[in-house]
Each structure stands twice: as structure tokens, then as C-alpha cells.
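The following pair of complexes shares a single chain, chain A, combined with chain B in the former and chain C in the latter.
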Partner chain A sequence: MANLGRGVTDLKLTPSDIPLAGDDLARFETSFEHTKEVWGELLEENGNRLQKGNLSLHWMNTEGSAWNKSRVKPSSRGLTLMDINRPDVYGTVPKIAPHRKFASRGSIRDQYLNRMPDVSDYTIMDRDEVWADNVETLYEEAVARQWKATTDVPWDEYEDIVKLPEDIRLASAQVATFLTEVEFVAADMPAKWLYHIPQDFLEVKMFMVTQMMDEARHQEVFRKRAIIGGGLLHASPGFEWALKVILEAPNHTMGSFMLNLLAEGMVLTIFRSGEMIAPTQLDKEIFRLTLQDEARHVSYGVMQVKNYLDKHPDRAAATEELHRFADIAEQVMLTTLTEPTVIEPLAVLLGGGIKYAETKGLDGVAKLWDMLISEYLQRCDRVGLDRHARCTLPRTAPWAA
Partner chain B sequence: MARKSGHFYIDETCIACGACDHACPGKVDAIYRVEGDFLGRLAIRIEDCIDCAICVPLCPVDCIHDGRAEGVVEGAGGYTKIKALQAWADNRNKD
Partner chain C sequence: MGSVATKTSAKGAAEESTPFPSLSWFERLSALMKDNLEHYKKLGYCDCVADFCVTDGGPKGSPWIARVTFDAFEVLNVEDVGSGKTPTPDFMLEGSLETWRAMIESISDGDGRPALDQTINYLSHFHAPMNVTSDDPLRRDLFYRYNQSLQSFISGSSAFDTVFS
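On to the complex of A and B.
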């Protein structure tokens, strides 16, 4: 019989044609050297068993599982997350994740803990840093409402865009350009935190993946819209500072507040106003499709921050920390809201042309501003963070005050 | 005997996230998207609603109400502001 243990000891990493940074590869080698005793032992056991022609069949022992004890049935919508989470053994999400493994909640896993690797990057062990009570239903909704930017937008009507007056065409392309700039941060931010969330909070991870897919589609649709309408136009430096705050927020809840509640909330306000802003039916359809995706992200953010505050053992301290974060978040958002690449094209579109931008157009943007701030404060109220006295964003657009 | 209808309703401040739709028990399925509404808002078919209220706490804008407790009222708050923009847009070319 071959000595697989020795085989493992002698194991050499397969040379790769892909150049790897030497230090990174060395760290990888060292890491797996340290743990070789554990996985090498597994390999040896498995190899021995196979060489003997034996079957283990230990997986047929259901002790410690809910096997056959918790039958679930599909509902009329199919088999939803809510259906399979009805039995406590599968649906109870622990307050603190019990370990940093890949194994599924509800599986037989405890007896294997010392033979499984720890994923040290799973650092968000407290459910209430990521959980929202509506995350399961939002996931189901997200999966049910996926759409295709390639074919679900009536691109065959693109000549309506080409025929627009030059100022309207430029303004609509600039709005699309600014949206391409902002959409990916709403994928980057969940991507940053996704990898730190352990498997016990799988519903949150799954929802975050749908959010990333939504944002990929938004990036796609606005990029296509800008290019088919003439081309991409100007970047927005002021907006980029807000995006940076989203990515560098000190913890997930603060990042979620800035992204989902404040920034996505404001994007949602703009999309909800799409009927008034869009110069063509094609543009209206883009806004109609994207607003329903954004609504889910706002919905998750609101309920997640609410859950965080509701469940926090020191609510007063947590609320004050969130206020301090919001003080900065609102100021960088003000930088965004005053960007010419944002306000001016909206004024041209709402006014009906450059000729009316400073009159009717800015009047319309002032109404949009009023809506942006009111909706933001309403979201803060919903999470239990009263920003009415502390909010530094002007309630009225500066030119309309 | 005809079943009594439910009492819950969704006000106009709905943001169309759909969290309530999937919370509604499958066989009940009383929540639907209002056809033709640009904002994609949802509504409750009261003849199907069983008053379970599972949907209520999942709403991020608190727009689902029990008509028995509150009476049917218009929603209030930021999400009603879109009416001002819509009214303004309807009139912007009349000047």
C-alpha cells in the first residue's frame, strides 16, 4: 500500500505558468505547510479507505441532524427561503456565528470542527451587524425580478434619442455617465463585506450577491444608454468622495447606512422621478426597471440599520456613533448634490432645454432636492435615528432658499 | 358563507421593494403590483388578505396599515413629495 502520508510530506506545489508574487506564494506555501497535518491526515484516511475498497457510509448516520424530522413543503410560489426556514433547525439564525467554517447551518458539523479549516477573514460574527428582518423576502423578490439590459429595454427605439435636441442629448448622456460612476460602488461595498460574513448568515450573503448582480446590470444599462446616445461624458469628482466614504466606512452598518440608506436612497429618488426626467420612452423604461432594484437595496439598508440599533446592547452609544458617521456622510453627500455634472443636466432635462435650465429647470431640481432630503429623513426616522435637528443637508436647494 | 375580507392596505408611499409580496403566505398571495404604475408600487387585495400582518414589520417605509386601527388615510412623509414634482411637471409647459 502506498504511504500517502509520506506522499503528502513530499508534496510539491504544481509549477504554474502564471507569475505569482514570490512573497504571496511563500505565504500560501507556509500556511498550507502549517495545516498539512490535518488535511494530510484526511487525505491519508480517504486514500487508505479507497485502496481497501471500503465504504465509510458514516454520512448515512443521521444522529444529530433533523433528518426526516422537519419536512418542508413548497408554497404556491414554489419552494422559497421562507418555506425551508420554517423548521427551527434550519431557520434559526444564531445571534453569534458559532465558528468560521464553510459548513451549512443545520448540517451535521460540530463533530468535524477540529478537522475543518478556520476562515480567519470571517470577522462579522454578530448577526445584528448584517441582519435585516426582510432579507429573505427581498432575496426572493430579487431573484424573481431579474431583467436583461440587453433585451428588456426597447433599444430598437434608440433613434428617438439620436433625434433629441443636442442639449437634451448631452444632458441625458451626462446623467447616464454619472450613474455609471456610482453604480459599481453598490457592488463594491457588499463585495467588501460579503467575504467577512460567515455561512450562518447565508441569507444576507445571498441577498448581497443579488445586489451586486443588480448593480452590474445598472452599470451595463447606463453605459449602453450613454454610448448609444452619443457617448460617455464627464466624471464627477465630488461624487467620488462620497463613494470613497461608502467603501471606507468603519463597519458594515455604517457602510450600509451611507450606501443603502443615503446614497442609494437618493438614487432611488432620482429614478422614481424618471417619468419627469426621462426625455424618451426608452429612458423611462430604464428608470422604471432600475428603480425596483434600487428599492430593494434601500429596503435592506433601512431594515438592517434599524435592526442594528434595535438589537444593540447600548443603543444610545450606537446611535451617537451613527450620528457622528452621518455628520460626515451628509457633508460628502452635499459635495455630490452640488456637482455640476449632477445638477445641471437634471435642470436641462426637467426644464426642457438649456434655455430653461436656470429657470424652470432649477425650479424642478429644487423640488427634487426637497424630495431627496425629505425621503432621507423619513428613512432615518424609520431606523430610529432622528436626524431632523442634526442633519446638515439644506432642506431647500441653495438657489431656492 | 363568504369569507370576510381583510383590513390591511398599502399607502402611496410604497417604494416597491417587494419585501411584503413574498412575505404574504403563498396560498393567500394577496399582494400585487399595481399595473401601469410607473413607481411599481404594491397593493393588497383585501378580499384575499387574511389579516395575518406578517408583511407589516418588513416594510422599510412603514406604509402597510391596519385600516381598523387607523382608518384609511393618505400616507405622509418624504415619499409623498413626488406628487409635488409630478404636479409641477404637468404644469411646466403651460407657462
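On to the complex of A and C.
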């Protein structure tokens, strides 16, 4: 029974069953007792010095550093990552991370490595599993283009939503509900991999954090939009399978392909459509703000997957693996795309009401479908993955074929 | 095309009118961007080279294109690129004079806020009546990455009167 693990126990959790750390705490204690020789020695040295009132001042020794050799200057837009990465000593990102420590790239660190613990969860040691050539500029852009869901949306115009016809109100609330269900996976997925990326690839880690912040804001803004517009509506089982594929992708690049290139690419199109069919100025503002965030994520995904394939020592095998992954990812994505909770409210909004949903509305969704697929295939082309012959997504919407 | 005329605006005050399409129209938007630096800083960096094309705005109904180079929070350069020029821009937003006119008038009527069906994304989303083209999907996506800034840039036209050729 013990092998069934905590998964089964968790199903029966009640508030009083919040588990104690138990064996995990015992393992933690043992682990740190075993390494006490190293960290205890550091403590003893430091303690002795401080008791004597002495200063070490070893940190003022600049030998082995780039101190004063690599002066950087701010550019017209401030001091950017690109500016500080100009000197090779700070900007050269190693192909293979040299260790599993926290010490900063470009700092004096080699002489201390043997006294530092290893972070065994840093497992992505090859830069080209996560790197994208545009990641520094995307980070800076993300920081510069942050916005606030609480105050940058004209919520004082919410009565425009309340006055909408009931079918339009319901449809726009359902679109918002759909987006609350899917958006946060784009924070969970980078969170899953972030912890496995060593500190030498700091630019990637930093960009991932901006993506997580973006998705927190998207979750926030669509939740607020749904609730102020009447309330949250229906969850969708079809969406959740696509989200599961994203989270359970075998490696980071496959997860990034599914999330950033396929799913975020499609959500970007839906956001653009959202701006187009927005029934109020308030909604238009929401979609304009969110679509620019989404386009950044797509941009990282395209360049990251491209870099992975370009730099892979066995490109043919890596490409075939990605094809195999895409074969499933596309089919699961199709499960999402055919959910009534996304197709139908879009048809109502594109048609201008339930009355025209099956005619003008579905015609509009069919155009959207064409756009989703053709843009997805263009992005695959851009990364060097030719999916034209192998794509399992119908090129045209089922009702338009 | 680059001249600035004076006319009486709909609001009754004597104002400088700027012809459209013209370089001076886009230069005026660029100046407004500079004047509203804080607003554009809040929106964030906008780094792209955009061609704005009036498909029948040139001589004898030929295309007329203004190339606008955005850098961070300002416009570095506005140039007439005739019917196209290499290197290619990141993307081109194109539409007929009639479409541009309807959009610009809507922006003016809304004091900088276009009607729901007159935003640059709305008009271009289904490739008509406007269209966004690029030879690279990644560069085309800059239209979306900077959409709020680009909309704000065009919406700046509500600050002056436009006369149409």
C-alpha cells in the first residue's frame, strides 16, 4: 500500500489531514547533518573571525575579476541587459553550465565552488535546450510593457457591458471564462522548468518570470472581466487535455513548442479576434493589452524551438521527435478548438448575436480557423519544422469543408 | 503632398490642417509622440520599422507608402518609400484611401478613441479592408507586440485636422 503513495491519500484530504513533513523532515535533517562538515566549517571560520573583531576584506581583492576592465554605459533607453552583456566576461553565455551553484556568471567564483552545495534540480545544463537569441530584448520589452489590470482598463465604463444584449453578455463572459481556464498554464509550464535551469542562463530564467507575471495579469483581467460582466460561466474538459500536454511534455522544448508556438500562437489570434469583436471599448482595451504580451511569448517560443533544432547535434532525430510530439499536440489542441465553450461564443460575437451565430458567426469562426492553422504552419516553417504534409489539424473548419 | 494648409476645423477654431496621405501627416504624429513621451513610456518600448501604405494614395491611384522607424518611445525617421523599397520593413499596414479616411475621421470624432470597428487591429484582422503583410511571421508579430503603441500613434491624429487629397 505504501507504494501507492500520497496521491491516493491526497484524494481523501480534509482540512484536518494536512500532512506533517514527517519522513521528509527526517531526510532533510540527515542531509544537512551530512554536509555540516562544509557549512559548519564556514560558520566556524566566520564566527572565529567576528569574535576577534577582524575583517576578512578578501572581497576587495579583484584578481580574477573584470573589475574596472569592462566599463559599461547605459544606452538611450537606460541600462539594459544588452548593455551589461556587451563585455564578454558578463555576456558570454556558456554552452554548458559549468556547475549547479547560485554564483553569478562573471563573478569571482571558481575558488569557492568546492565549498558550495550543488542544486541537484538544476538539470538543464545545455544552453540550447532553453536559449533564444531574442531573450534579452524580450525580457527588457516585457519589463517595459507591463501594465496593471486594476487601473489600466477603463473599468469605470463597466455599465457598457451591463447594457449589452443578454446573448452578447453571455458570450463575452464565456470567452473570458475560457481564457481564465487556459491562461495560467503559461505560468505553470515555465514555473515547472524554471527551477531546472541553472543560474548561468539567467536571461532565460528572467524572461520566464515575466511570462509568469504576464499570465498572472491575464488570469486577473479575464476573471475581473467575467465577474464584472455578470459572472464566470462554464469550464471545459477539452481545454484541460491540452493544458495537460503542455505540463507533461517530455522536455522543455516540446513544452515550449506546444505552449508558446502552438497554444499561445492560437490564443494570440483569439486575442486579436477578441479586440475585433469586442462589444465595448473596455473589452477592446483588455484585448489590446493582452495580445501584445502573448505576441512576446510566441516570439520566444519560435526563436527557442528554432535555436534547439539549429544547435542540436542530431538535427534529424530531434526534428523527428518534435514531429512525433506535434502529432499528438495538434490532436489534443483540436479537442480544445472544437469545444462549444470557445467556438460558440466566438460565433455569437462575430455574428453580432445568437440570431446570426450559425450563419455570419460560424463563417467568421471559419475564417479564424484558417488563420489559426496558416499562422501555426508559418511559425513551424520559421523554426525549421515543416509540418505542411504532416499537420493533423484540418486546414478548414469542419463545417466549412 | 508635404504642405501644411490652414483651414477652419469642425470645432470652429482656425487650425493647421495636414494633408493625408503625406509625410507631414506622419511627421506630425511623430512630433506628438515626442510631446507625449510619458504616455509612450508607460506603454513601453516600440522597436520596429513599419510601412504605412495607402494602396491608392499615390499618383494615378498607385500605392503610397510612408516608412516609419520606431525606436523605444519615439520615431527616428519618416520617409516616403514610394511603391516599396528594400530592405523590407518589419511589416506593412495597408488599406485604401477610403479605409484610412474612415478610420482617421472616426478617431477624430471620438477625440482619439476610434469606434469599435475602426481600430487598426479590427480593420486588418481578416485581411480586409486593411491588411498586415510581412515576409517573416516573427516580424509580422511586431504589429501585435506593439499594437497598443501603434494604435496610440495613429490615434494621435485626433489632435489636428486632416484634409484628404
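As a convention for this text, the second predicted complex is superposed on the first by the 380 of 401 C-alpha atoms of A that agree within 3 Å, B and C clash if a C-alpha of one lies under 4 Å from a C-alpha of the other, contacts with A are read in each partner's own complex, and residues count from 1 in each chain.
Operating definition for what follows: a contact is a pair of C-beta atoms (placed from the backbone, for glycine too) under 8 Å apart; a residue touches a chain by one contact, two chains touch by 3 or more.
All values reported here derive from a predicted model rather than from experimental measurement.
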After the overlay on chain A, what do you see for chain B versus chain C, clash or fit?
clash
Touch test for A:291: chain B only (first), chain C only (second), both, or neither?
both
Where does A:146 make contact in the superposed view: on chain B (first), on chain C (second), on both, or on neither?
second
Let me test your reading of the model: by the given contact rule, A:111 touches which partner, first (chain B), second (chain C), both or neither?
neither
Check whether A:275 is in contact with chain B, with chain C, with both or with neither, and answer first, second, both or neither.
both
Under the stated touch criterion, which partner chain does A:363 make contact with: chain B (first), chain C (second), both, or neither?
first
Touch check for A:133: first (chain B), second (chain C), both, or neither?
first
Chosen between chain B and chain C, the partner touching more chain A residues is B
Classify the contacts of A:352 with the two partner chains as first (chain B alone), second (chain C alone), both, or neither.
first
Classify the contacts of A:61 with the two partner chains as first (chain B alone), second (chain C alone), both, or neither.
neither
Which residues would you name on chain A as touching chain B in one complex and chain C in the other?
76-77, 137, 140-141, 144-145, 268, 272-273, 275-276, 284, 288, 291-292, 295-296, 298-299, 302-303, 364, 367, 371, 375, 378-379, 381-382
Which part of chain C faces chain A closely enough to touch in the complex?
43-45, 47, 71-73, 113, 116, 119, 121-122, 125-126, 136-138, 141-142, 144-148, 151
Within their complex, state which residues of chain A touch chain B.
74-77, 80, 82-83, 133-134, 136-138, 140-141, 144-145, 268, 272-276, 284, 288, 291-292, 295-296, 298-303, 350-352, 360, 363-364, 367-368, 370-371, 373-379, 381-382
Which stretch or stretches of chain B touch chain A in the complex?
15-23, 25-27, 29, 38-40, 57-62, 77-79, 81-82, 84-86, 88-89, 92-93, 95
How about chain A: which of its residues touch chain C in the complex?
76-77, 137, 140-141, 144-146, 268, 272-273, 275-276, 278-281, 284, 288-289, 291-292, 294-296, 298-299, 302-303, 364, 367, 371, 375, 378-379, 381-382
